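In the two complexes below, subunit A is the common chain; its partner is subunit B in one and subunit C in the other.
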Partner chain A sequence: MKNLGSKLVLIITGIFIFFPLYAATEFSMRNGAEHTHGLTAYRWIFEQSGFFENLAITARITVLAVILNLLIMVPTVTWLHLSGQRYKRLVEILTILPLIIPVVALATGAQLALPSILQNTVYELSFMYVVVAMPYTYRALDIGLSGHPLATLTNAARNLGASWVRVLTNVIVPTIRPSILAALFLMVALSLGEFTLAQLLHWSTFPVWVTNTSQQNIIGATALAVGSLFFAWILLFGFTFFGGKKSNTVQEEA
Partner chain B sequence: MANNSLVVAGLTRQFGAVTALDDFNLDVAKGELVALLGPSGCGKTTALRIIAGLEKSNSGQVQLNGKNITNDPAHVRNMGMVFQAYSLFPHLNVTENVAFGLKMRKISKSVREKKINAILELVGLDHHHKRFAHQLSGGQQQRVALARALVIEPEVLLLDEPLSALDAQVRTNLREEIRRLQLELGTTTLFVTHDQEEAMAISDRVGVMNKGKLEQIDTPDTLYNKPATEFVGTFVGTMNHLHTKLSDGKINLFGQSLDAMKSGNESGNVIALIRPEAITVKTDGEANATVVTRSFLGASSRVTCRTLDGTLVEALMTSAATGDLHPGSQVQLQVLSKEVLVANV
Partner chain C sequence: MKQATNPNVDMKGALSKGGAFHGFMSKFPLPLVPLFLFLLIFFMWPIGALTGNAFKSNEGALTLSNISLLFQDPYRLAFKNSITLGFISALVGAIPGLVIAMAIEKQGSQTLKKFVASISGVLANTGGVPLAFMFLAAFGPAGLVISALKSVGLDLYGLGFTLFSFTGLVIVYAYFQIPIMVIVVTPALSALRTEWKDSAANLGASKIQYWVRVGIPILLPSFIACFLLLFASAFSAFATARALTVGNIALVPLQIGSLVDGNVTVNQANLGYALAFGMIIISLLAMIPYIWIQSRTSKWQR
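Up next is the complex of A and B:
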């Protein structure tokens, strides 16, 4: 009886999740009025001008955002755990701010705060994305670090002859690797899907292009949505696979 | 002293208003195992961490083989340390954990392998090379931590209560093993613990700490038999505290006149400190106490008596000598030692 109940829950949840997906996929593969199925809509996506250009721009913004995010957040959160505990509450509140401050305010305010050399490039978005992603990336890293006796591991590594840089690269980063990958994935997902900031600041990125393009063709728009979703899934599986593998290498002092 | 490996002089450390270490001095000879014993909060771990370079002192000096290393960062001090908390790197297996310090020292792979195999065999873990920390028991994890600290051939081995997270049986085995390894390798070792039995069992000398100060440092025998202060006497082993009067360097206990051993400027009303085994309970003679309980411990028995003035006195005797003692028995107490440590009330 219990078994049947849990199966029922699984089936209903499965339908709830997969039926819309199936429906969207089916719809995106229709060939106009001919009642046949094919990849016409998906071919259409690639034929639209700006697909590769905008994808490339977003990819570059994303890479920069990921690098900035990890460079800023990993040492910061590590420090908060090791010796900055008294600032932890403050930082926690700060990282919540991007959720409270409206994006419009962030767009104009943050842009003014950036050096002018960055204000005129699309890469200003990377900086803002790091801020917008902070509530999520901070927590992903915080949880990862909380799960380990960081102070003891650090002391042990220092004692065994590791400099602070070595402690970070050879002990802390590999120890919290799954959390770093989670933060990285959140950063990528946010960068790939962020529309408002880019639109407000008049930059043409992939999400902006998708919104504009999809207004011309309803089946094409669905194909874009389904395609994006599967792309995100592939990324997620990629990270999981990559993160699941154990790092066997402790780099030697160069 | 030329053969002193580790010299600590005038170390002071304050955390806000709290003085964790107060003018702390210590000399450890090459190859010696010294234990720092004391209640929690007495500053023993702080001392160890300052010696390791993991903590800064407000004043004082740490010298290693005659060289002042007070301001050297932890990673260049070449000291091996085993921590109270499990400290194996979770992303590395046993071999890689032990290899860590060697890699930091740029030791070649072939030499590394040889050293790792030798040390893992020495700590009895030669079949667990590929295991990760979560696949090992607490005792095994501490053995790996010990191997990891020893493989770098440290100038000094620092042990920060490495056994306190383990259960009793493992703890006893591992402490004997630590001593065996330490003697075999001749590593100068400083061992911090709050467990007096642990400290007494394996150390060449034991330093008893209290409130950031080193009260007495001596061999376990001297510490036990001739404690310099009341704190040391009470902290190491069990002591009877008996009120009496001091006059002309003598005290009177159970009708006996005994020589008093002063630790300070005691006079007038004092407390005599006597070990339970220095007291015997006799059924003949004039009774001056009543037996309250007798606990059979095997070879020995603990007899608790109440004197005429109501003070409880504990005696430790061979079980054979306590066979006819029962609660309520009228007995005579006698002090066996000629000299008794006294302290201010």
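Up next is the complex of A and C:
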């Protein structure tokens, strides 16, 4: 009796989540002439110019964003946990600020004030994505690090004669790998689907290309929507469900 | 930042604490320089610039004329619409999200929890044209739901329903709002210990008394915080609104978008920055209480 209500809620939720997806998949497989189904619309996607180019651009932006994010966040958060506890509150506040500013507003500012060398390259997006993802990536790393006796491990390594670089690469990074993966996942999720900054800063990325191409053919556009959703979902779901296993245990330890 | 650069104060702090690691980094938090610089260049500076421009006339003189335009139509209407959309969408996301999170908590299976966490993370990141087309296939004029209802004699579009409307936006936004709610409210629900329920029951409290006296007072601050986050998320959503509406609903993010794209020309060159500044102010009003409540409640939730 007790669980009946909650089961019902979960079933309704499942319908709400999967029905639009089912409807879109069905629609995308229509062959113009109503009653037959096929993959015509999916073939149409690959025939559109710019598919591979834009996918490649988004992939490169994502890789740079991931690298920048890890280079800046991992050493900073590690230091905060080891010896910068006094600055933790300050950094917590600083890193949550991007959540306060709507991305649309940030885009108008970026268009105005980014260094001019960056304004001329699509990779300015990587830098902005690192900022937009920071509230999430900082927290993912912070939670992950809280579960480990990092100071003890570091002291031990230092006493055995390891350099600081070696401590970072051989002690800290392997210990906190699950939270690094979590931060990486969040960064990838954001970069793959981000539309607002790319559109307002006038760059062509995969999401922008999807939007523009969608205007030509409604069935093709639905196929494109289903395709890009499934692509992102499989990638992200794989990341969280399998990569998340370890980071969950870290959180429980904390 | 100022504090950090004052060596005297920091030395004292380090000495009094006397920790093993305080010695070598106490003069200046050198390790924080990359993060500070990054945020300065890619966050503070752009926001400072747009704020400055919001108060500049075409000739560069200080003026309030851009800001005063925000209180006139069509911009006043856009702010009204965006705020209303934020509120309704937050309600439509927060209540089912809370119910779903409670149902998951009740089921208590670890696999289910992990599955839901993964799928919520993915859904919360869904938006823009793909999301819009997915709903078009279900609720569009030729969509599956709409044609099914038509075949049993209920013509929703004939009755005035359309996905390209305010109601349509609320329905579509629910697809990412509800998962966001599930993600942010779950920690608060997990913090409701079963021991409290048991001890309330042992002391003779009824289920209703438990919720009125214990459950709701504990959950309320978190619920309000989550509601504010959802408000901000719907208030500033751009990609999905742009994909779904065809200029028939005035919304602030869309107005900024068309000003930036140069689709619309106005006398005031800096109007777009004033709109962005207005958005930041409203977003601040929602997010500062959110951050404050979250930081207060997260202390005992761990």
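The rule is simple: the second predicted complex is superposed on the first by the 206 of 254 C-alpha atoms of A that agree within 3 Å, B and C clash if a C-alpha of one lies under 4 Å from a C-alpha of the other, contacts with A are read in each partner's own complex, and residues count from 1 in each chain.
Going forward, contacts are C-beta pairs under 8 Å (C-beta built on N, C-alpha and C of every residue); 3 or more make two chains touch, one makes a residue touch a chain.
Just so it is clear, the model here is predicted, and its values are computed rather than measured.
With both structures placed on the common chain, the touch criterion links A:R177 to subunit B but leaves subunit C unconnected. When both complexes are overlaid on chain A, the residue A:S163 reaches subunit B alone and has no touch with subunit C.
When both complexes are overlaid on chain A, the residue A:F51 reaches neither subunit B nor subunit C.
Of the two partner chains placed around the shared chain by superposition, subunit B and subunit C are both touched by A:N155.
One of subunit B and subunit C touches more residues of subunit A, and that partner is C. Across the superposed pair, subunit B and subunit C both touch subunit A at residues 155, 248.
Across the interface of their complex, subunit A is touched by residues 52-54, 73-81, 83, 85-87, 89-92, 96, 99-101, 103-106, 145, 148-149, 152, 158 of subunit B. On the side of subunit A, the complex with subunit C involves touching residues 2-3, 5-7, 9-10, 13, 16-17, 19-24, 26-28, 71-73, 75-76, 79, 82-84, 86-87, 90-92, 94-115, 127-128, 130-131, 134, 151, 155, 189-190, 193, 195-196, 199-200, 202, 207, 210-211, 214, 218, 221-222, 224-226, 228-229, 232-233, 236-237, 240-241, 244-245, 248, 254. Put simply, subunit C touches subunit A in their complex at residues 4, 13, 19-22, 24-25, 29, 31-32, 34-36, 38-39, 41-43, 45-50, 53, 96, 99-100, 102-104, 106-107, 114-115, 117-119, 121-123, 125-139, 143-145, 174-175, 178, 232, 235-236, 238-239, 242-243, 252-253, 256-257, 260-261, 272-273, 276-277, 279-280, 283-284, 287-288, 291, 295, 302.
Residues of subunit A that touch subunit B in their complex: 148-149, 152-153, 155-163, 166, 170-171, 174-175, 177, 246-248, 250-253.
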